[in-house]
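Same chain, two partners: chain A is paired with chain B first, then with chain C.
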Partner chain A sequence: MIEVRLFATFRDGREKILYLDGNDYLHAADVLKYLGIGNGDVAILLINGRHSKPEKDVHDGDIIALFPPVGGG
Partner chain B sequence: MATTYNGKILRINLTDRSVKVEDLPLEKAKKFIGGRGLGTKILYDEGIAKVDPLSPENKLVYATGAMTGANVPTGGRYMVVTKSPLTGMIACSNSGGVWGARLKYAGWDAIIVEGKADKPVRIHIEDDKVEILPAEDLWGKSSEEVTDTLVQIYPAASVLNIGPAGETGSLLASIINDKDRAAGRSGVGAVMGSKNLKAISVVATRTIVPAYDTDKLRDATRAAQAKIKENGVTGSGLPTYGTAVLVNIVNNIGAYPTHNWQSSYDAEADQTSGETLKEKYLVRQGFCHRCPIGCGRVINLDGRIVGGPEYEVVWAYGSNCGVHDMNAIDEANHLCNELGLDAISTPCTIAAAMELYQKGYISEEECEGVPLVWGSNEAIFEWTKRMGRGETALGRLMAQGSFRLCSHYGHPEISMSVKKQEMPAYDARGIQGIGITYATSNRGGCHVRGYMISPEVLGLPEPLDRLSTEGKATWTMVFQDLTAIIDSMGMCLFTSFALGAPEYAAILNAGTGTDYDVKQLLLVGERIYNLERLFNKEAGMKPEDDCLPRRLTDEPIADGPSKGEVSKIAITLPQYYEVRGWKDAFPTEETLKRLDLV
Partner chain C sequence: MTETLSLYFRPSGVVDLRYQRQILMPEIGKDGQDKLQKARVLVVGAGGLGSPVLTYLTAAGIGHITIVDYDIVTESNLNRQFLYGTEDIGKAKVLVAAEKLRALNADVKITIVSDKINSANSLDIIRGIDVVVDCVDSVAARLIVNSACLIQNIPLVEGGVCQFYGYVMSICRDSACLCCIDYRQEEQQAYTPVIGCTAGVIGSLQANECLKILLNIGEPLFSKMLTYDGLRNSFDIVELKKDDQCGECHKEQTKIFTK
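Moving on to the complex of A and B:
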């Protein structure tokens, strides 16, 4: 399974965490498409804690974390 | 010709109770902008680097920025500049709220407080009328009590004060203004307390300062406002979630220190995130003077409407102390405001004490009924109170900060500090550039002296690989210099998520009549940073003070997404000195000449 963690406004109308079958998704962009989130709306895409791009491959066991533009200090 | 400077400085000597009005030397002001730069220049020229920080010889400069009070976004900040009793080096603590703007409107660019009153006093300023008044009745009182008392006397006043922590000489004492905004770091409140000065209230008739070119300033402000509104972070993320939205980001990259940096990932961190704060406690946004962002949190704390915690505080009282109760963190944050304590260094010192207790260095008896166990709400409340009020032997020791605490027990390596000041909420093992900021910050462990988190974690203005060292020295230097400019202008660092040097140059030039291009402006920032370093050199700083705690260089992160990483500061520090034009941690003669600092 792929664990998808959603944060900030991405939680609006969605679960905080989803589990998806890794066989159904080739790239992170496919996961975004499933969630109805545009590639351009994602400010930070982490795969296993590493900053990644939507075209990156995803596999069973991966943890994907998605953030809209947010920040602080 | 009018400018955003008032052209006047107030010098108050508490020993002989004299009040003098001095002209602001305009050329000096423009060369160092104002605020942080001007305050440092004043102290450097007056020989403060060599004095005992808690003696009457130390001076406190309450400095407004060049654009404080002007019609610019976030133009309302002031800085407390002094010699720090915590680090023994330069302190520059920056705060929002409305107090800074009120001081500017009252007609003053800065107040220099020197000497020591023989008994507790307060200062009241009403435009050009300045009074030194008895304050024995306020001594021992909390920020809220002091503010409420003074606002009853002067309904239009903005109030700045110390709490009990500043009175009892805690080196972690802050200065609070407007009840919940803080010049928090480096023990500036202890310096104020050492002078027997409890509060400064300001009433001002004016509500705006003039500008050198009003039309150009309006245009520059409009352009900046539009960028702030369009930017995802300043226009949407910060207003909606506040700074604590960082909890989940930093935790999910595995750079979120827990249990005094013994680990760097917390599976339960979401319980204390900005999202949770919004969902369960937020009443409304909090805004500082002329702020279009509103990152502040006004929260409901058990029926009381109070200022909520920032990201750093959520982390420091939360995961760093093993606590996952948002309400407890809110309460502890409120206690820091009431007692006048640095809400970063105080919980970080409690976390260090918890590790000392975990390892058996602090005994059960010393805890006097409140064991320093991880995750204990009672521990974070009671030890904050004891530190703030100077109660119990261990509380008084902890009130001197984690370095002195851990050194007392023979384990200074447990103090997660740089130059004796506690580092904030980003593990430099998993974010290489922020390690350079920590190690070389002139005021000790600090993130807002060069916020490398912006490119390394948030990807702004462009993404950098957080684990790489490549180019980080130059990036850090530019961020440090730009930050010195923003601070000296009296604007909020958060505007830099949306604005760059061209926007700041346009605003400053229109306000003050300078004619800086971007390169020249960055040179001014570099000059300020180097002047702070010269102050530290005179204060006795040694090259080896530019370092990170051994844990960051020798102990790989134990678990989480950044498992196995260590700081590569040994590689990046020489690169940083090279780009700075420094040798052995200090500017070369050539660098000083280039910056017109000789």
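Moving on to the complex of A and C:
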């Protein structure tokens, strides 16, 4: 399974954590598409704690963390 | 119930009870208070995050605080920027903030820089500082501060808010930085939606983080992002990996190598 952790406004209308079958998703972009999140809406995309691009491959056991911009001061 | 007194003396020899409650804490004590008194902290941005950061650091007795902000107080600031009141609308934030903070604690030396931090002035502004606390409201400014702190080898406490959400992380040369995690924003909203209490939570955590780093206590959030969800009552910690190919960290290493 791929564990997807959503933060801030990405949680609105979704769960905080989702578990997806790794066989159904080739790239992080496929996960974003499933979630209805545009690539441009993501401020930080981490796979196993390391920054990644949407075109990065994803596999069972990966932990994906997605953050929208939270840049107010 | 009788309270145990832990006496702290001003240089004049007069007993100072201002810091009594925190000197009672084993992590601080008189030695820790002396460290705070000798510390130099830079706070970039005197807005929603800057208000609690500046207030708590001033109250804690940091020796020298420098405030950087170029903005003036507007009515839309007042839902969260509690250093300012209705009568301050139209005044320079740094001037009002310095006045309020000096009234809170005259022991603290307050220096103001009424300017926008940019790549040309950032290195001069942060030179000689012990910890930088970043309270700005744009990704571009955050990346400038991130870069300057790496070059000057100064710990940085980062924080951001939006709506009921926020995050805090600390950055040093050995940790992941904002560029390591490719922090970016395609289009920044002109006005970030935020409620004052969320800025209060995150700003308080930033002040706490700054004190931990200055006192070398606890577990600073280096290579960790502490996220806050005020709607769902949760704090989460996200582990961050340092990127060996990071342009900013690599740039900093190159500068050292060529010195």
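Methods note: the second predicted complex is superposed on the first by the 70 of 73 C-alpha atoms of A that agree within 3 Å, B and C clash if a C-alpha of one lies under 4 Å from a C-alpha of the other, contacts with A are read in each partner's own complex, and residues count from 1 in each chain.
In this text, a contact is a pair of C-beta atoms (placed from the backbone, for glycine too) under 8 Å apart; a residue touches a chain by one contact, two chains touch by 3 or more.
Computed from a prediction, not measured in an experiment: that's the story for all the values here.
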Which of chain B and chain C A:A8 touches, first, second, both or neither: both
Touched partner set for A:L18, first chain B, second chain C, both or neither: neither
A:G40 touches, of chain B and chain C: first, second, both or neither? second
Which of chain B and chain C A:R50 touches, first, second, both or neither: both
Common interface residues of chain A - those touching chain B in one complex and chain C in the other: 5, 7-9, 11, 16, 43-44, 46, 48-51, 65, 67-73
Complex contacts: residues of chain A adjacent to chain C: 5, 7-9, 11, 16, 40-41, 43-46, 48-51, 65, 67-73
Sites on chain C touched by chain A in the complex: 45, 47-50, 134-139, 142, 159-163, 165-167, 180-189, 192-194, 199, 227, 229, 231-232, 234, 236, 238-241, 243
Residue ranges of chain A in contact with chain B within the complex: 5, 7-9, 11, 16, 43-44, 46, 48-51, 65, 67-73
Complex contacts: residues of chain B adjacent to chain A: 231-233, 236-238, 240-246, 248-249, 252-254, 270, 273-275, 295, 310-311, 447-448, 451, 453-454, 457-460, 463, 465-466, 493-494, 497, 560-562
